[in-house]
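The chains carry the letters A, B and C, assigned in the order they are written, with residues numbered from 1 in each.
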Amino acid sequence: MRVPAAWLLGLLVAAGCGRSDAVIVGSKNFTESVILGELVAQQLERYGIPVVRKLNLGGTLVCHRAIVAGQLDVYVEYTGTAYAAILELPPERDAARVRQAVDSIYRARWDLIWTEPLGFENTFAILIRRKDAERLGIRTISDAVRYAPSWRPVFGYEFMERADGYRGLVETYGLKFARAPSTMDLGLTYRALAEGIADIISGNSTDGQIEALNLFALEDDRNYFPPYEAAPVIRAAVLERYPAAREALRQLGGKLDEATMRRLNYQVDVARRTVPEVVREFLDQLPR
Amino acid sequence: MKEAVIEFKDACYGIDGREILGPVSLEVNRGETLVLLGKSGSGKTTALRLINGLLLPTAGEVAVEGVSTKQWDLVRLRRSIGYMIQEIGLFPHMSVGRNVGLVPRLEGWPKPRVRERVRELLELVGLPPGEFEDRMPAELSGGQRQRVGVARALAADPPILLCDEPFGALDPLTRSELQQEFKSLSRRLGKTVVFVTHDVKEAVFLASRIALLDAGRLHFLGTVDEFLASGDSRVAALRDLA
Amino acid sequence: MSFFEYLARNQGEVAARTLEHLWLVFASLSLAIAIGIPLGIVLTRKPAMRGPVLGFANVVQTIPSLALFGFLIPLPFIGGIGARTAIVALVLYGLLPIIRNTYTGISSVDASIREAAKGMGMTDAQLLFMVELRLAAPVILAGIRIAAVLAVGIATIAAAIGGGGLGEFIFRGVAMVNHAVILAGAVPAALLALLADGGLHLLERSLDWRR
């Protein structure tokens, strides 16, 4: 008899996919993305839409492949990341044009819809220790150029590889460092900077660690970094199946400014509160 | 002329306050074969291990060549005593030749002399060196392994041999064959032998004298004739079993 | 660009990263052996230390590598960023199988063999080197083989702390959303793991005294 095997298989499928009609919400594997995934999930639930969470997946690559393959229904992506890293288009400074481009290409190529931007931009932030910034009296990346030759730079892989990352930065500002940058995991670069093993790193502008570790984000005074607006990407088929989802996501549009996002990140990363709790609190205080 | 090579002087051994042996007093004379006879748990193996210092007496003393085992450099003491236990005591990762030549090698004999000695000993225990020298213990029969054990114990020509039921695991035919060869060999070479067994027949066959141990105590010590004639009830009971 | 094209165009760097990777594995494995085997031997002599030492090695195994790097960054001498820190982490991961197998290998040597060795007048050192270690060699080597394969795999994470190696391609490929680049790191790493496993397996069999 094959019944037990079939039953087991059914169980596995159920465990793997959850309810077949539920919307599968994903996120990348860093705090902000997980918070945004949870935000989308809770918002959909508030509109009575069944949801399965697949948060904390790999990076951009994993989420993108999953949603294109239909194994994910929605996740929050950054327009600039989609533009530069996924579509591999040349750098573009205008936020509106970036958003327009990714929206039309995503729709045409994969039947994916970008809904309203959440309201904040997460861009690369060039970080140094706050006490160095104060001691040297510097505020912008241009101010830092004369001190950079004695600094040890440490950058994440994404920053080193992207067209809108390291290479363009040193060219735009004429930066020179004490040695070639070490490349390592983004999360560890914060630690290395705080511990005095690195002197300059690139982080995310909304990261809670900036405050927690007493770091200072140098102003991008030449507007080198393109704006990265965060917005949910959802499969068109899901919007057809759940028309309410359209409204649910529209309601989130423009509700999260940069300060709010940094505060939410801080709540999770530094104050050690749980993501669902922080998100629930945030949604509760939104006007309905 | 009797000369005591090994002396037990009120020797006791216990662990965690539990007496396993003693007090026992006896002497082993040069050239004789003393059999320690007893059931399992009688303390006979413990007594044997007190001689080569694998155990040290917790009270009293055991002296070898007039020196207490507590004073002996134990490595030196053990190299002057041949030691045979049941077949498994052969090193499974060494060939027959290397097993036999081990103590001479430890003693730093030059290589050609070790090799010569190994061949001589294999010859002596009835294993043609050409055929057996390079075999591994796993390739031998039980009887052959025990012969290697005898050869290994004799390798550095020690004046004393300690044997702990060396023939216990063999079939009866092989056992009696080996007993005979062992007896003539040890007499011929003039070794002082202490032999542990629970087999009365083996004891009677091999011994010059028999020491009967029971529950850690020495109950009888005498020649084979005295053993056979003894009126002691324990001795008689054992004798009847044989 | 396909994997093979990428490989062909970047032969030089793939070779250099492979060498870096080998160095990470070789250095960390050597240290893990130099520390793990003596520790394993000590455990057979001092039973009281068994719990704490094996417990520590066990716990280390369960720490995610990024977290371990995080702990190591602020430490003087062994910490910081770069290959040295990665090697320290790799040594810590490699210790458990080596210590455990050394301990198990030696303690499973038959008691009567140990007794015979002592009875024949072997010193403690002779007993250890001529008998116990020799008989335990296949088991110890199996532990080293596990540690080696583990090290080849975990060494890809060295790139997370600026330690170089084939992980560079993997991290870079993930950042660039580019399969070909990921494979340029993953395929050579997998081949190295197979080579290490096969090579050490042969050595293990040649040292096996059972046959």
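Basically, contacts are C-beta pairs under 8 Å (C-beta built on N, C-alpha and C of every residue); 3 or more make two chains touch, one makes a residue touch a chain.
This structure is a prediction, so every number in the text was calculated from the model and none was measured.
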{"item": "Per Cα centroids, the chain farthest from chain A", "value": "B"}
{"item": "Chain at the geometric heart of the assembly (C-alpha centres)", "value": "C"}
{"item": "Chain B and chain C: spacing of chain centres that average the CA atoms, whole Å", "value": "46"}
{"item": "Where chain A and chain B are represented by their mean Cα positions, the distance between them in whole Å", "value": "80"}
{"item": "Distance between chain centroids, defined by C-alpha means - chain A, chain C (Å)", "value": "36"}
{"item": "Touching residues (chain side chain A, partner chain C) in the complex", "value": "58-61, 64, 85-86, 154, 156-158, 160-162, 182-185, 187-188, 191-192, 195, 197-198"}
{"item": "Contact set on chain B toward chain C in their complex", "value": "52, 54, 74-79, 81, 83, 85-86, 88-93, 102-103, 106, 136, 138, 152, 162"}
{"item": "Complex interface listing, chain C residues touching chain A", "value": "66, 69-70, 73-74, 80-82, 159-162, 168, 171-172, 174-177"}
{"item": "Chain C residues within the chain B interface of the complex", "value": "110, 112-113, 115-123, 126, 131, 134-135, 209-211"}
